Amino acid sequence: MSPRKLCVPGEKLCSTEDCIPGTGTYLRHGYIFAALAGYVFRKNEGEELPVISVVKETEAQLLPDVGAIVTCKVTSINPRFAKVHILYVGSTPLKDRFRGTIRKEDVRATEKDKVEIYKSFRPGDIVLAKVISLGDVQSNYLLTTAENELGVVVAHSEAGVQMIPISWCEMQCPRTHGKEFRKVARVQPEFLQA
Amino acid sequence: MAGLELLSDQGYRLDGRKPSELRKVQARMGVFTQADGSAYIEQGNTKALAVVYGPHEVRGSRSKALHDRAVINCQYSMATFSTAERKRRPHGDRKSSEMSLHLKQTFEAAVLTSLYPRSQIDIFVKILQSDGGNYSACVNAATLAVIDAGIPMRDYVCACSAGFVENTAVVDLCHAEESGGGTVMSLALLPRGGQVALVQMDARLHQDHLDALMEAAMTACRSLGQVLDGVVRQHLQEVSVLTAE
Amino acid sequence: MRDGPNTHVGSMMDVAVSPVLALRKFGCEQSLLSRPDGSSSFVQGDTSVLAGVYGPAEVKISKEIYDRATLEVMIQPKVGLSGVRERAQEHCVRQTCEAALLSTLHPRSSLSLILQIIHDDGSLLSCCLNAACMALMDAGLPMSCLFCGVTCAIEQDGHIVTDPTSQQEKESRALMTFAIDSAERRVMMSSTRGSFSVNELQQCVALSQRASEEIFQFYRDSVRRRYSKTL
Amino acid sequence: MAAVQVCEAEKVYIMHGVRDDLRVDGRGCEDYRHMEIETDVVSNTDGSARVKLGYTDVLVGIKAEIGKPKPAAPDEGYLEFFVDCSANATPEFEGRGGEELGSELSCTLYKVFNNVNSLELRALCIAPREHCWVLYVDVLLLQCDGNLFDAISIAIKAALFNTRIPKVTITEGEEGGAELELSDDPYDCVRLNVENVPCIVTLCKIGHRHVVDATLQEKACSVAGLLVSVTHKGTITCVRKVGGGSLEPESIFEMTETGKRVGKALHAPLMKLLRDEEAQGKQRQKVGFLG
Amino acid sequence: YNFTYPFSSSISTANGSALVKIGNTTVICGIKGELTCPPSDAPNKGYIVPNVDLPPLCSSRFRPGPPSEQAQVASQFIADVIDSSNVIQKEDLCIEKGKLSWVLYCDIICLDYDGNLLDTCVVALLAALKNARLPEVTINKETDLAEVNTDKLHHLNVSKHPVSSSFSIFDNTIVIVDPTVEEETLSTAMMTVVTDEDDRLCMLHKPGGSALSGEKLQDCISRAVTRHREVSKLIEKVMDSFEPDK
Amino acid sequence: MPVDTKRVRGPEESQSPLLFLPSIAKKSVAAERGRQDGRRRGQADVRPVFARCGLVSQAKGSAYIEAGNTKLICSVFGPREAERKDEAGASSGRLLCDLRFAPFSCPNRGAWIPSSEDKDTAQGLLEALRPGVRLHRYPRAQIEVNVLVLENDGSALAHAITCASMALADAGIEMYDVVLGCSLRLDGNSFLLDPTLQEETAGEPGAQGSVTVALLPSLNQVSGLQADGDMREDTLAEAVRACMEGCHKLYPVIQRALLRAVHKRASPSES
């Protein structure tokens, strides 16, 4: 493969007439500039013009954004909401922890009024959730699990054993056979790769 | 008492006042435009500024809010150049915190806080020049500022200091008299009802003298009240003339 | 503080004076303060430390650990502010306590241990450890084992002294403090000063392990005495 | 800093106005607001001044104390600055809220004023390496509506003009050490030469033009500004870029040019005013805050 | 073992300096000598004041502000190592008894924190002390003032060469030498052994954590002794390579 | 003065041996025609710069720069959750700068506690960097820049700016442009570009001035400007231009260092 082109922030890449700006670039006075130090990519995506983007070694670290699917760990619960630490955005691990909140109303899509937090999550659970808002001045990221694919993916029973989901709202401990309530996620195959 | 002769043989004080005589009081309301209420007062050489913000939403943690009345938030500070010896910090030391607390207590007694539940009223006072009676100057300035802000009060709060020199009660002490080592009492009074909002006294005093001292301080507060009343009426007149035009 | 409250529950106990193993008189009193959840005062000769434990209580969010309790240790010197030396001692005491405490039983809560030095006449760190252990016990916190502190000093001529006074400490060539656990008499903590040979170290460890027997026996006696009264 | 919220429409309005050299309050781009200056307002100080610039209101008090010269400059006295962003100005400054801004301001003031070019620091020296005068310049913000630097610098200049430092005589003490004796006579004092003391002009870039003496609203429309301190001769002693944006080199040159012109013009009337006020002497009715 | 790379870097503003990298952990030590009065209780001694700083620069776990507990503990540790090992005879730092002595400020700053801080600091301190050079100071008999001659520089007399070895202990079973930050946080206890060239121990520092049996303890000590040889050889080699061109 | 209880304390007072030096006649820099290190006056003659990225393993991005004897290291953390939350932080990120001088970085030992000058320098750094960073891409987050001056031999702020912007680029933070810093000493009528500490402090007071410029080179925007000392307006303009020229000289070096760092990391798989 021919050596790829490298660039540093502020480098003029091309005019908007040649390419469509992609990630890691920005527009100014009709030209596309690099915003990152990295490799320059041009890719044709069926449009008339190729998309130009700048990529560092891996995907540039993104912040949890509205609509992103995040993996998080429950840190504490109370009757109104569960507090979580966001660990992954998509499949990118975050270097620093971000805090999020799952409110009672956002746990399930149906029968919202019957949801009880302590029957949905327990501290230490690993949960798949979606960002619905960046939150306001006081609050953290607001997350939701109100989809079939979202909810608890890994949970440990009181005996300390990883539990097996047995229904959409229950998990069972393989050692004690005790059942515990959870908002269980139907894990999509694409998330099972790891 | 060593050193200075605080009371001459003829019964006059260092600055020539009689024991029950106040210093010259000058005051003005509405000195600033951005604050909701503001006032400036000079009591002799003591000069104080007060501003009032509010009532507004409770700032900081919401848990401070009271469901049935307003929170009074006071901060007392002194300009670094206000004293003969330069101060290192304008506020935050123990004495200022104590003074802030006293002001808060005084105005909680006077302002009709129950009219503004879940809100906050800020009273910030600043001593520009200090020559005794800082507390009273602050209270008087703050009263005018609260009135300027249009916040309802039970009554004016007037404060005055009083001390005991050679068995005579003297009022409105200046710095030299305050530091003479005798007893100093600060008293804040709602003059019309005659209720005492705050009394504070340091050093020791014989119980028999207390009544005399209180009486002297209360009389002084009442006369201060009249002065303040005059200032308010004057201010209102000026404002109404302006608005009438 | 030692002769303060009238409810003198603690006891004084003489330890048999053997040529090598000589601990000073020690005494202890538990539950002498009413505000903390657990308290103790521990006396070794003239060295005396007062300990108080608060918790489990609510924890500041910034210090919250989601699967166990947060332990804070503060050592207050007799006079003045605590400095770097105290901080290092706090660190040692804290990690020792953390290893003994079953802190996973109180997740997201805080435990604080305050050690007030009443008088320092040598073997201070070991006295702090002993006071801490008694106070934790008094607070009723679950622990996997007990621990005790022993200080040994090696004198200029190579003679080893246990539980030295500050005069002996000053004249010594090396000084070591160990924390010994009650389960298997192993070394939980060690802090040393001065240089010494490997052999000397081993002698000191062995000596401390022997001394720990006596201290644990003393723990047992004083706790037994206390509960025999309340029951 | 105390900021105001300005919506997009307001921003556009202000920017269009600036383009046409007409600002919200009717001023041109290089005009100052109405300014009031009064000196000698606090009697406990050695020099003081109060400046009102629009709604911005600052009080400066100067106290002279005897201290030890800095080892780097043994034959000079020095100035110390402290800016007290009091809660009077805005409730945000309550407690420690104003400290950050205060230390930032005092740091810049130190750079601008504490050098030999602006003030004769040597005159503040009493005995090299041993004693010198330390001028504590304490700035009190009473109300702020933008352009703090300009108002403060003018107030400091006025207060320095007003400052009177008692004369000191050094006598040989009994044990050989030098003893300092302060003169009691209030008229036996040293004045400072304030001629070279600079004034600060803050320029805010709004759209393609720049304005002096911006109000808080105007400041909210500008991404970057330039702070220029100018002496009466028109020399520039200090430049700082302020704000979060960047500037084109050309506009920097334009802005310094304006700053110099405006700043130079500021000095003469200021000095005249101060001299006039002093000439009135005792007869002057002190207004203070009662006016 | 992670390998140890000491570098003697030249910070020309310091009297002595060293940059040391063990694995990823990087530490810089700068020594500055100043003149002061000797302590009143020991008029023939000088001062050595070590301080370890863990700035937010070196890892995201440290916040700006006053030194964290860990930094304070490390400072105290280094101070104890200096005292216990007699790396410098404090008597050497005295210039005139009761009047003037050196105070050596040894400021150790961590630039990259990836575990095993203490070992790195001790190596950095030793290397910096070895390349530190102080100007000659004499007291002028007439004026009673100190006179400094920057043309004559003297090395310090480093009498002992302490080397520290840290171990991460996992429940009295596994012992890891030279742990990374990840290993440190997962371990149940830490232990640091400081030895000098005569194979004597200067420090056995085990701040709590899970208990350790006598055999394991002995094992650690003997590993520390072997490590001492390796490290001191390395330091000497590096110092030699720097010396000629000065 | 309050006692610092969180550090090992030394004696109450101590003096730097430099104070006891027999006072040598201060060599005036102005007297010489050239400069001590052989560079020429009035020319865009910067010191040789050595720059590297990615030295601090624990940081998101880091850089080290050495210009003559001035040595700086910088690390960048984030974007991480903002600590302080207010209205402004919700829509765009916050940039935090911390700059410190190591105690041994100057001829006289500095204190650990940051002085107001350190804070002032940090503020200058922040103002210079902020226009270069696309902060609106990082809502509710903060990016931390930590600079440590290991040795200060003049122009510390200018190099801190360059070093910090390299570390930001190394951390993969989106930027409009790299930010380059350059400073200049005005000595009488001539310029000394990229001055050493000696040049910064020497000379007659009164005829001296110093200028520091931060430049976004490809956009040709000045993001930071600090100038002190008596100067005429045209001198200032000239000085700013000279600094900009100095920045442009620096640009290729920085560019190369950044590209090297990108190259060193595994190249991304085609996506």
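A few comments on the model shown:
So that you can tell them apart, the chains are marked A, B, C, D, E and F in the order they are listed, and the count of residues begins at 1 in each.
Note that contacts are C-beta pairs under 8 Å (C-beta built on N, C-alpha and C of every residue); 3 or more make two chains touch, one makes a residue touch a chain.
Everything quoted here is computed from the prediction, not taken from an experiment.
Taking the mean of all protein C-alpha atoms as the reference point, the chain centroid lying nearest to it belongs to F. By number of C-beta pairs in contact, the leading pair of chains is E-F. Rounded to whole angstrom, the centroid-to-centroid distance between chain C and chain F, based on C-alpha atoms, equals 50 Å. Centres computed as Cα averages put chain B at a distance of 32 Å from chain D. For chain B, residues touching at least two other chains: there are none. For chain F, residues that reach two or more other chains under the stated contact definition are 6-9, 77, 80, 132, 216, 219.
Among the residues of chain A, those in touch with two or more other chains are 95-96. Working note: touching chain pairs come out as A-C, A-F, B-D, C-E, C-F, D-F, E-F.
By the touch rule above, chain F contacts chain C in their complex via residues 3, 5-9.
Residues of chain C touching chain A in their complex: 64, 66-67, 107-108. Put simply, chain D touches chain B in their complex at residues 42-45, 48, 55, 57, 59, 61-63, 65, 82, 84, 86-91, 94-96, 136, 138, 140, 142-143, 145, 288-290. Note for the complex: chain E touches chain C at residues 69, 72-73, 75-77, 79-80, 83-86, 172, 188-189, 191, 196, 199-214, 217-218, 221. Residues 26-28, 31-35, 38, 40, 42, 45, 47, 49, 51, 53, 59, 73, 75, 77, 79-84, 86, 90, 92, 122, 124, 126, 128-130 of chain B are the ones that touch chain D when the two sit in their complex.
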